[in-house]
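One chain, subunit A, links the two complexes that follow: it is found with subunit B in the first and with subunit C in the second.
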Partner chain A sequence: MTAIYHPTVARLTFRALLGRRRALIMALLPMLLLAIAIAVRALNGADDRAAATVLGGFALAAMVPLVGVIAGTGAIAPEIDDGSVVYLLSKPVSRQTIITTKFIVACAVTGLFTVVPVYVAGLILNNNSQQIAFAFTAATAAAVVAYSAIFLLLGVVSRNAVVIGLIYALVWEALLGSLMPGVGNLSVQQWSLTLAEQIAASGANVTSTVSLTAGSILLVIATVGGVWYAGRRLASFSFAGDH
Partner chain B sequence: MAVIRIENVSRWFGNVVAVNDVSIDITPGITGLLGPNGAGKSTLIHMMSGFLPPSTGRVTLDGDVIWHNTEAYRRIGLVPETETTYEFLDGREFVRANAELQGLDDPGAATERALETVEMTAAADRPVSTYSKGMRQRVKMASALVHDPAVLLLDEPFNGMDPRQRMHLMNLLRRMGEEGRTVLFSSHILEEVEQLASHIEVIVAGRHAASGDFRKIRRLMTDRPHRYLIRSSDDRALAAALIADPSTQGLELDVTEKALRVEAIDFHRFAEQLPRLARENDIRLLTVSPSDESLESVFSYLVSA
Partner chain C sequence: MHTDPNTTRSADAAPDGPTARGDARIHNIGYRSYSGPRLGRSHGRASLIEHSLRGAFGLGRSARSKVLPMLLLTIMTLPAMIMVAVAIATDLNELPLEYTRYVVFMQPIVGLYVALAAPQMVSLDLRYRTTPLYFSRPLERSDYVTAKLAALSVAIFVFCALPLVLLYAGALLGELSPSDETVGFLQGLAGAVVFAVLHSALALLIASFTPRRGFGVAAVIAVLTVPYFAATSLQWIVYDLGSSGAVDWIGLLSPGTLMDGFQGAYLGGATDFPSGIAPAAGGAGLAYLLVTVGLTALCSFLLLRRYRKVGI
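Coming up: the complex of A and B.
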């Protein structure tokens, strides 16, 4: 049976993600969230609507996918770009194991920079009134898992993973998602928002365009499908021949 | 004894044929894969190292297909052309990561052994990003050797190395070959191959142009003029006898060298006729040496063919 985790692959991936400028960029976004939370609380006092707006409109809609793009694609795309992935792949380690390990690391890193800050920001904004902080923390955790799978897959299949990931997150989900309701059916943000909708009190006005069942099923399909297909693509990883 | 067998392998990319019906056995000892840039050497190495499936044919290691077979890497050590490694690691960490990925029982001991083999122990604690080209190449060698593989594949290993580094790597590869490993390296630099490889496979425009040691390759090309420097007890008499024979195309009496420069067009006939003519004319042959058996001349002939 194929292992799902290889400690050496994980160590290399963690160091690649956390050792470079990438970590600084990833840390900036949650710091911005906390700064916004503190400012809103200071100016407005504890306000449930403001809390839902900040956590839904900035954290889940922008911060989580952006950190997800950086960590998800960063877990493998730079290695493929510079060719150093050859050291990882020329080993008797299943390619599926390499992908699941990198997926776990991407989840951990994205989670570190999003889940905890979202909860803390929620507490700052309204002390978890109407379960808003908890609701968005759960939604963030679900989104982290799906984004990690999708962006890791992008990192394997495309040399332009970061650009495509940003277009998906900012244009498709954030812009088109708010203009065209149908887009929500194919939006990690909306899928995970259904969880927040269930957890938050009804007065919190947290709503998603998809149902809980549909959102949950689509989250699972995107995650499992993304990881599985990334593993398949990596198993057939090839160089293009002479330069 | 590990053998990589390339059987009727072709590989194309869209309409471009990179490798065209090549069959080669890579056996223990050092084999040089020689050819100009873009000839298909890297494509062949990628197929031998499991990073490219052949479009047709098979590439096997001791009978097992290498493509989609990660277990083959227990027996293969790969030194890729790419300069980049995990730049944030130091040399020791990099080699050790390779040892761990190989699943070795004692990766620490294997790492130290490999670092010693390439004489990189002293610099092992420095980040790989600070290494010179030669040091990078050595640490890449260590990473490829850490699991004591039967096969070593090196893609253009001497690129950008200075002469001292080159000599060091050549000695190392010689040792690997003498230990019975199957060592294959590619190069477009003729003198490298000439100095190192006991066996040469020449790839030109995706085709397998020649195989053997370079003297043998040379002899295969009988229609190409061979130049010899000959010293004898009577150069003028020998010159007269040789020019009368159709195996000789031209000759020159080199007064300063006190020797005869002969251009033969029929290698086999010339090899037979020279001693016979000498004997018949009562001439003693003192020196018979090929004067242009450099790979450069072999190669330029093959490329222009």
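Coming up: the complex of A and C.
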């Protein structure tokens, strides 16, 4: 059985993710969320519908996927892009271990920039009335795990990982998801929203298009499958030809 | 105006200075200066526009670079064809969606296209250091910037206008009211022009700050979508709380809602705003006009300033 976590790989990935401009872009989004939350609270006072709109319409729909794309693909894609992944792969570390480590780091970084701000924003917006803040925090946490796995896989598979990830997050989930309800069956946003639907009080008007069981099963499948397949792809990673 | 290519400055003509040695000579190894016509700045600018415009659709580039622009163009035009088919098949009196609403409706696709095209136009020149080669020609920095702005504006306009042309042609073939359709079509085209110019200035400015294409794509997408989601969420909150007047002012905060409100005020009369009501042309609409023009001018100005320093 290979190890799940390799401290050196984790340290290098943390440094790559939190260095320079990447961290700045990732920090801007939660700051914007907090600014909106403070503005809404200051102008209108605590309001449950406003809280659900901000957390569902901005945090879960736009902020979480964007931070997920940046952190998830950023955990491995730049290394593959500039070729320095050779030095990592030539070390006696199982490639599955590299993937699981990078997955854990991506989850931790995405979580830091989304789960915490979502909870804080929820508290600011309505003091967790009707469990809305807690519901969306749980949904964000679930979404973070699934997005990290999916975007990490994309980073291994494709050179256009960022673009494809953004197309998925913005066109598939946001545009098509609002037009065709069936798209919700294949949307991380809806899968995690079903958790929020369960936790929030029924008056909170948080709804998802999938059921709780379907949502949780699909979340687990996407996460485990994504990490496993990314490991497989990295194990058979070849440098020949593609340059 | 230049020296005759056959003239050589060899040691034969060298003056007998104190350092000149008798056997020193510079061999004529056959370099010749260009004696053909000089096409000048305007031709350089036109070629740069043409080259950038073709590149924005992947023409003249590898097959892999053609995939995404062409795929996005297909996705962009597909709903238009479906609408025309539906309108003709079910004998509608008008198209299911107005011309000006179409671009707003397809905004995520247009945003993706802009995010792909803008970094391709400027980031790669920075990354592979081709800008010094441009600037060593008669081309000025302002020529480079205006050429790129013009090329991206035209590219976005073509991208937005193609489905409108399809809609219009379909509407005429389906014998919908020609006068109504023509007015709507022209309004749609005017909206597309404003949309294209605003977005090209904004996206090029962002893209010119990074030599890395992936970063540029992500940054343009983020700047276009994050404020949009933020602004629409806020609009709904304000609308729910019953102050629909503030909805118009919040719409000024993102490029997407800005274009929506602008078209609503001057080119049609409907928006995707929660109220569904467009800002009045005289009141809030004027703010939309000013912000649109101001933002475009500001981005173009900053882009010109950016190229005073970058790219040497």
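By our rule, the second predicted complex is superposed on the first by the 240 of 243 C-alpha atoms of A that agree within 3 Å, B and C clash if a C-alpha of one lies under 4 Å from a C-alpha of the other, contacts with A are read in each partner's own complex, and residues count from 1 in each chain.
The working rule: contacts are C-beta pairs under 8 Å (C-beta built on N, C-alpha and C of every residue); 3 or more make two chains touch, one makes a residue touch a chain.
As the structure is a prediction and not an experimental result, all values here were calculated from the model.
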Record, for the superposition on subunit A, whether partners subunit B and subunit C clash or fit.
fit
One more residue to check, A:Ser202. First (subunit B), second (subunit C), both or neither?
neither
Where does A:Arg95 make contact in the superposed view: on subunit B (first), on subunit C (second), on both, or on neither?
first
Under the superposition described above, what is the C-alpha centre angle at subunit A formed with subunit B and subunit C, rounded in steps of 10 degrees?
80
Just checking: does A:Tyr87 make contact with subunit B only, subunit C only, both, or neither of them? Give me first, second, both or neither.
first
Under the stated touch criterion, which partner chain does A:Ile167 make contact with: subunit B (first), subunit C (second), both, or neither?
second
What is the contact status of A:Thr213 with respect to subunit B (first) and subunit C (second): first, second, both, or neither?
neither
Quick check: superposed on A, how many Å separate the nearest Cα atoms of subunit B and subunit C?
15
Of all residues in subunit A, which touch subunit B in the complex?
6-9, 11-12, 15-16, 19-20, 82-84, 86-95, 235-243
Show me the residue ranges of subunit A that touch subunit C in the complex, using the header's touch definition.
21, 25, 29, 32, 36, 39-40, 44, 47, 49-50, 53-54, 57-58, 61-63, 66, 69-70, 77, 81, 160, 162-163, 166-167, 170-171, 174-175
Which stretch or stretches of subunit B touch subunit A in the complex?
11, 13, 18, 37-43, 46, 49-53, 68, 70-74, 76, 78, 80, 82, 84-86, 88-89, 97-98, 100-103, 143
Residues of subunit C that touch subunit A when the two form their complex
68, 108-109, 111-112, 115-116, 214-215, 217-219, 221-222, 225-226, 229-230, 232-234, 236-237, 240-241
